[in-house]
Amino acid sequence: MIYVEGLSKEYKQFNRASGVIGTIKNLFSREHTIVKAVDNISFSIEQGEAIGYLGPNGAGKSTMIKMLTGILVPTSGKVTVNHLVPHKSRQEIAKRIGIVFGQRSQLWWDLPVEDSFELHRRIYNIQDKDYQKNMDIFLDLLNLKEFITRPVRQLSLGQRMRAEIGLALLHNPDIVFLDEPTIGLDVIAKDNIRNFIRQMNRERKISIFLTSHDMKDIEEICGRMLIVNKGELIYDGTVEQLKSNLSASKIITIEFVVDPGDAVVLENAVLVNDSGIRKTFRIDKGLDSAIDFVQNLSKRYPIKDFVLQDSNIEDIIRMYYRSLEKDNSTQMTKQEKLSVIY
Amino acid sequence: MMRSYSEITKKAFFRNTAYRSEVWLRIFGNISIVFIQVSIWTALLGTGSLNGINIETMITYSLINTSVSMILMNKVIYVVDDKLKTGNITLDLLKPINYPLLLFWDQLGNVIFQVIFTVVPTILITWFLFGLTFPTNPYFIVAFIISLFLALVISFLIGYLVALVSFWFLTTFALDWMVTALITVFSGSFLPLWFFSDGWKFVAEMLPFQFLGFIPAAIYMEKINIDEIVWIIGKGTMWALMLWFVAQLLWWRAIRRLVIQGG
Amino acid sequence: MNIRLFSYFVTLVIKSRMEYRGAFTIGVVGQVVGYAANYLVIWLLLQNFNTIQGWDWTEIAFLYSLNLLTYAIGASFTYTPMVGLDQIIVNGNFDMYLTKPLSPFLYFLANLFNIGYIAHILISSVVLIWSISQADITWTLYKAIYLLLAIISGSLLQAAGLIVIGSLSFIFLRVQYLFSIFFKLKEFIAYPISVYGTLLQIILTWIIPLAMINYYPSLYIFEDSLLTNKILGITALVIGPLSLYLAYRFWMYGANKYQGAGG
C-alpha cells in the first residue's frame, strides 16, 4: 500500500554571514549548503503492517512522513500510497490516512474535546453510524469519557495525546502516521497509547507508520523496523532479527591506567566511544571473544577496570550511530557548497 | 551608575540594528503620511490662509508632528505587559537598578535608533520635497529641545501607567487602542489644536496628550507667545511628575500582588 | 470546503472567543473608541473648512466608512492568518494545513477566522447608515444593489491585499513590516483621492487600485457627472473578485513552493 523507490529530499540551507561586511554580502549573495534529509531510500509496506521508523535527530524521519502524506514534494524518486502519488493527490489520500504529530496539536485549545471531534466528523464527512461506533470504542478504550466535555487547555499531556490519536483514527483510515506519539508522557500514559495502537493494528488491520525515540514504542507495536541515519536507510527487518544479530555482539568499556591513544587498533573490535583513558569497544563475536579481547589487550596496556555490557537494543543502536558518524566525518561527500548570486 | 544606564541604551540601540533592512520601509511610510497631510492641506488652504495659518506653516507642522510621533515611547506598554504576564519581571527586579528607569533607558536606545535612521532621513527628504522653515530665536530652540524631552518622558509614563493598569484588566491591547485614540486626537496629529472648537480645545488643554506632538511643533514654529512658554513647560513638567507619582503607586501595588500570587 | 463547514469553523471561533468574554468586550470598546477618534479628527477638520474638494462631512464620512467596513469584512477572513503566516511557517505549524482533505487555502482562512472585527463593522456600518440618511442621495433599488455589490467587491479587494502580502511569507522569512506599509498606503484613501496629483491618482486607480474600494463607488452613488467616473464606478465591482482570484493564485503558488515543488 506504500511503495517508495529511490526517494530523496534535499533542502537548501542558507548560511548567514555575520558582521557588517557579512550583512552587506548577505544582501547580494547567499551561500547555501545542500542538505540531503532523505537520501535514496526504498521500501514498501503492506496493508496491516506496523512499521517503526527509527533514527537520531535530523535523520530525516519527519521529512519522510511529510513526503508520504503529500505535505512535501520529493526532490527525486518514486512514492505511491494506495497507488496514488501523495503530493499530486494529496486531498484524496488525506481521506484515507490519519496523522498524529506528537509536538503539534489538532485540538481546539479553548474548546471541549468533543467540539474538535465534531469538526473532524464534518471535515471527513463521516457517516453517523460509523462515527457513533468509533466514538463508543474510543470513549472506552482511550478513556475519553473522563474528559471529553472539558476544554483542551485543562487536560494533561497524556489525555491530550489520547484525544489526538482518537481524532486521527476517527475516519477509519487505512494507515496512521504517528510522529513521536509518546514524547513527554509518563509510563502509564505511554502504555495506554501503545496498547490502543497495537489493538487497532491487529483488529482493524490499520497500517502503522511510527517514528519514535522510545525503542519500547517500536518493540511493542511494530513487527518491522526501518533504521535511518543521515538520510540513508541502514536497516530494514524485523525487530527480532535485529536483536539476534546484535545480541551476538558485546559492548566493553575499558578503563586504562594510561591513555594508549588512538593506537589501539584491534582485530574483531570496533572503537565506538573514546574519552581518553576510558574507551568503549564493540565486539561482534559473543562472550568468549570478549574475554579473549580483554586478555589480549591487558598484555599490551595496563588495564584498571572493565565493564561488560549486555546488548541493550537501545544502547547498541546509539553506538551504531556513533560509529557511523565517525566514518562520515572524514569524508564530507554529501555536502556541497554553492554560492548563488541573485 | 550612569555607565550601566548608558550600557542599557547602547544594547537597545544595537538590538534595533537587527531590523535595519526595514528602515527604508519606515522612511517611506513616514513620507507617505506627510505627503497625504500636505496634499489635504493644499486642497484646503490653497494659496490662502485661515486664522493666520497658511500652507507653508502646515507643511512644517505636519513634518514636525510626524517626526515627534516617531520618538514617542508609549508602546513600552507591550514590554511591561509581556514581562508581567510571563513573570519575567522578577528577573528585572533582582537587578540593582530602578525598574522604570531601566525601561526608560532601554526605550531611549530605540528612540536614538529611530532618530538616526528614520527621523533624520525623513526630515531631509521632506525638506527637499516640500521645503521646511527653521526656528531662528535661540530661546525657542532651547524650549523646543526641552519640549522634546517632555514628549519622551510623558509618552513613556503614559505607556508605563497603562501597562500597570492592564495588569488588573489583563487586556493591554484594548487599552493601547484607547490611548492611541486619545493621542490621535489630542496630540494634534494631523489636525493642530488651532483648529479645534473652543470646547474641544479646552479638553485638549486639560490633557497631557498635547505635549506629544502639538506643543513641540508649535514651539518649533514659534507659534506660542514667548512669555507663555515657561508656563507651558512648567505645566508639562507637572504632568510628568504627576504621572510618575501615580505610576509609582500602581507599581508597588502590582508588585505586592505579584508577590502574593507568587509570580 | 463548503459554506456549512466554513460556518462551523466560524462557530467554533466564536465559541473560543466567548471563553474570554470580558477581554473580548473591552477589546470591542477599545476599537470603537479608536475609530471614533479618527472620525472625530475629520469632523473637527470639517468644522473649519466645510468641504474637502467639494466633499462635505457626510460624504467624507461615507467614503471613510466604506473603506473601514470593507476592510473589516475582508480582514475578518484574512488578517489573522496572513499576518501570522510567516511565524506559522517558521514554527513548522503550516504542515497541519496540508493534512486534511480540504483546500489548504480555505482551511487556513476558516481555522483562523477572526470575529474581533465586529467592532470595526459596528462603528463603520453605523456611520455609513447615518451618512446615507444625511447625504443628498436619491435612492433606487438599483443603487441599493450597487452599494451592496460595492461592499462585497471592496471587501474582496481588501482581502486580496492582505493575501498577497501574506503569500510573501512563503518566499521571505519576515513580512510583518510589509503589512504596516500596506496600512500606510491605505491611509491615502481615507480622503478623496482628488486631493492628490494626477500621477498618484493614476497609481491609486490602476496600479494599486485602492481607490476602487471607496472613492469610485462613492462617486457613483453621489452621481458624479463625469462619464469616466461612472465607468470606473462599475469597474470597481469587477476589480474586487478579480484581484481576489489573482491573490488566491499567488498564495497557492507560494504554498506549492513551500511543499518544494520545483524549487
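Brief remarks follow.
The first chain written gets the first letter, and so on, giving A, B and C; residue counts start at 1 in each chain.
One rule holds in what follows: a residue touches a chain if its C-beta (ideal position, glycine included) is under 8 Å from a C-beta of that chain, and two chains touch if they have at least 3 such contacts.
Chain labels with UniProt names: A = ATP-binding cassette domain-containing protein; B, C = ABC-2 family transporter protein.
This structure is a prediction, so every number in the text was calculated from the model and none was measured.
The greatest centre-to-centre gap from chain B, using C-alpha centroids, is found for A.
Chain C has its Cα centroid nearest to the centroid of all protein Cα atoms in the structure.
Chain pair with the larger contact count among B-C and A-C is B-C, by C-beta pairs in contact. Rounded to whole angstrom, the centroid-to-centroid distance between chain A and chain B, based on C-alpha atoms, equals 53 Å.
Per-chain CA centroids place chain B at a distance of 29 Å from chain C.
Centre-to-centre separation of chain A and chain C, using mean CA positions: 45 Å. The residues of chain A lying in touch with chain C in their complex are 9, 66, 69-75, 87, 90-92, 94-95, 99, 101, 104, 106, 108-111, 115, 118-119, 122-124, 151. Listing the residues of chain B that touch chain C in their complex gives 19, 22, 25-26, 28-29, 32-33, 36, 39-40, 42-44, 50, 169-171, 173-178, 180-182, 184-185, 190-191, 195-197, 200.
Contact residues of chain C toward chain A in the complex are 4-5, 8-9, 12, 15-16, 19-20, 92-93, 95-96, 98-103, 259-262. Contacts from chain C toward chain B in the complex involve residues 22-23, 26-27, 29-31, 33-38, 40-41, 44-45, 47-49, 52-53, 177-178, 180-181, 184-185, 187-188, 190-191, 194-197.
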